[in-house]
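Structures follow.
Next come two complexes, and both contain subunit A; in the first it sits with subunit B, in the second with subunit C.
Presenting the complex of A and B:
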């Protein structure tokens, strides 16, 4: 068990520089943003153009006259305390808005990851098991099509079929699980298709291993061989790839949230970008980086559960 | 001297042929093989890589790919196992016939505990479960000479040495108390000390379970030390079958003689030429192109002939 702690500890140590890098980028985003925060603060109530003296005083008050490293340290101190600044548009604290929207995006992304993993790995396994057969060929065409179709187009297609023609699922909105299905399916599509193709290859590879012959020679049934002996070995490379795709899913959530009118982080980021609301964009970058790192730590933890060699401190071959 | 085994065989292979269809024609990996293995007998099958010995072993396990074209009969205790349905085939594997596979490094599942991997076979073929199955697993590991069976059962393959893995695989092979144990290249890639241990372990496994054994090997020393009788395979055909003792002291077939002369003990005399490729098997005697005693009659395929002393030889010289 100490080996797991050491492994996770090591991963945390490597995650820290990444997190610091992300804060640096988010901070610089605020620096290079057009507009003068001191002027913004002074013209908050509208009306008079502030004088040069007023601006200088405000700059000093906001710490904007200090060197950039000092500003960064002060900004980072506020961020760590949960103060992400105020939106230029709504004048509301950005942190509160982010926290309100984070669960929506997390829910969407979680659904998408599970759908992609279930159908991608399951489909790939069936294709690999019956490789060369009709199911395999159909699956390869299907996965290629799914990879090639843009998400927004698939979204329109699914809305047309399931919401307009069949009328079994709502077109948009947030609140019920039915409203989550179409967005999650769209968001999962490219990851699912990629996983399908990868799982097929990994399945072929694993099923040709000598230990599968050993399992067959014991007289085990094919379902037991596939699930107990093949699947666990397949998960080692597949889980890694799912972790790498977390960023894609989180980024893809932006488009999906806009199409399906989900009140998530992605939509906040889009409106932030259109309105040049830099504190909001800054906040989104920070949260996205944090979620990405947290997700990959979770993947690492899962990895240690699947891979006994890490659990016992043997390292990976 | 081996009359009892000849009249009452456990396994009888009759006219077995295994072909694999390819674009360039069907490759005959095993061609017209006849052999029988008596109860509690250890039979060795020796030959070079590509001679078809492992394919023969896999045919007996019914583990050949679906594309294989199989002819002839494999009778185990009077039943032709080539006619069994899939369900009966699964009971046969691990139950009636156990396998000790080659490559101890990769033949164990890396993500499952040793105890789990042996326990599967125990539960499937002995009708026991739970703690009782665990007890059988510990017993098997103990009998295979692993010093701490309880600890080993909880370990993963990567935590074991090569020799220990080979013993675990042997334990899996005998877990279902099979009547026949097939050891496929059990010493391939092992050093001399571990090789000695493997021979000892297999010998013990066969003795304790009263199983017959088919040992497939290119290691002549293993065949000599472990086997009662030995068959020599070349280009898909068996050229000679004799008791191990006589095969190594008085080989009959020119190929067997040449093979033994190529061992360090006999002075490393190389055998000229190379074994025929899969697509250019010569008509008639497969060894004729490399044989120093070729005559016109070698162009015709020779049948296996019994000789005085129990040897069977496939050669014109022994035609009568």
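Presenting the complex of A and C:
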């Protein structure tokens, strides 16, 4: 157990600087953003053009005259307390809006990760098991094609086929599980394709190992060999890669949310960009970074559970 | 397969370069009276919702995206080579500092930051370029550093240093030239992803701007008409897919030959 704790502790220690770096970049985005936050604060509720004295007073009040490091510290202090500022457009706290939308994007990303893992690993194992055959060949072309297709285009094609021609799935919206299928499939596509290619390679490697020969010599059936002996050993390299992709899937949700009209974080960020609502963009970046880092830590935890060398106190290379 | 990929890419490059001369119409010439026209002798692939000739727009549509992808990948590679080679060659404190930066940028969700940086600076090709370089250089730097560490131990480097060459000289004339092989592979693998990312951001309105004849923008323009005129949406998407597919095929065969392992972060768009 001590080894696991040490491993997790080490990972937390490397995650913290990344988290601080992310807040620094998010803060700098606010600095380089055009526009004057003091003017934004004063024009609340419309009305008169603020005078120069009013602007100066507001700048003082918001701490905008302080040197950047001081401003950063003050801003970070507010962020830590959950105060992400106020939307320039709606005048509502950004944090509340982000929290309202986070579950939608998380749900979408979770579906996509599971779809990608299921079809990617399953497909790759079948390809690797029958390597050199027709299935393998077709699978390789299919996975490369899937990696080459623009996701936003795939989304519109699937809407055309499944919602317009076959009329079996809804075109857009949020609320039912049917409305999640197309967006999740599109979002999972490139990760599934990548996992197919990777799983095939790993499967080939694993199936030539001595313990597979031993299992066969013991007279175990092929399904038992593939699931109990091959799949288990494949999971270690695959889990890390899925972890890396999970965070990217969260970011990639932007396009899918826009096309399928899902009320998630990505769509909020895109409308924030077009409305020049900089606090919203900053908030989005912070949440995305936090989720990404948290996801990778979670995967690390999973990794320690399935990796015997860590569990039993050895190191990993 | 590889010959086919090169052939397809050559054809796409030729068509894109020659577009102003071979396209039957000006890609931005409006003809509202003839909007959403079917195939015909004048407009072989019909016209879009503003009556612009579809074939001419398709021929022009790859120019901006591919050019921007090439420039952005080259610039990212350049930044990656400088940081990676310096980090790997000098080691010590410099290496430590650069590696901390690499870890930071690799620990962040790439697309989210790309979108935010491009968005805050205002949508457009130049801001997109900056956003792409800022968010992508770390993967390159990490791979270049690993390669440089190998090269640094080679006897010829030792020999040149013994002859009294300065670090700058060794880097420029001995380290960087030996990085070219793996860098060609990296460039090919990355450019496919870059085209997809640029197309997606242009589709969202954050990259290239209308009325540029561009495949991503054409898909976004044709979306409201995809039931009545599906070809307007399908054709530019196929162009992107075929280009990227050919690049990925080529990248796969190059990677197999040079046996360079690189599992960079994917672009999931």
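Criterion: the second predicted complex is superposed on the first by the 315 of 317 C-alpha atoms of A that agree within 3 Å, B and C clash if a C-alpha of one lies under 4 Å from a C-alpha of the other, contacts with A are read in each partner's own complex, and residues count from 1 in each chain.
Here, a residue touches a chain if its C-beta (ideal position, glycine included) is under 8 Å from a C-beta of that chain, and two chains touch if they have at least 3 such contacts.
These figures come from a predicted structure and were not determined experimentally.
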Inset, instruction - Would you check which partner chain A:249 touches, where first means subunit B only, second means subunit C only, and both and neither mean what they say? - result: second
Legend entry - First (subunit B), second (subunit C), both or neither touched by A:232: first
Legend entry - Greater subunit A contact set [subunit C / subunit B]: C
Inset, instruction - Determine, under the contact definition given at the top, whether A:21 touches first (subunit B), second (subunit C), both, or neither. - result: second
Inset, instruction - Considering only touches as defined above, state whether A:304 meets subunit B (first), subunit C (second), both or neither. - result: neither
Inset, instruction - Examine A:218 and indicate which partner it touches, taking first as subunit B and second as subunit C; both and neither are also allowed. - result: first
Inset, instruction - Please give the residue numbers of subunit A that touch subunit C in the complex, ascending. - result: 14-15, 17-18, 21-22, 25-26, 29, 32-34, 144-145, 147-153, 156-157, 159-160, 164, 187, 190-191, 194, 241, 244-245, 247-252, 254-255, 258, 269-270, 272-274, 278, 281-282, 284-285, 288-289, 291-293, 296
Legend entry - Residue ranges of subunit C in contact with subunit A within the complex: 100, 103-104, 107-113, 115-117, 119-123, 192, 196, 199-200, 203-206, 216, 219, 223, 226-227, 230, 233-234, 237, 240-241, 244-245, 247-249, 252, 263, 265-269
Legend entry - Contact set on subunit A toward subunit B in their complex: 209-211, 213-221, 224, 228-229, 232-233, 236, 306-309, 312, 314, 317
Legend entry - Residue ranges of subunit B in contact with subunit A within the complex: 61, 63, 90-95, 98-99, 101-103, 106-113, 117, 120-121, 124-125, 156, 158-159, 169, 172-173, 175-176
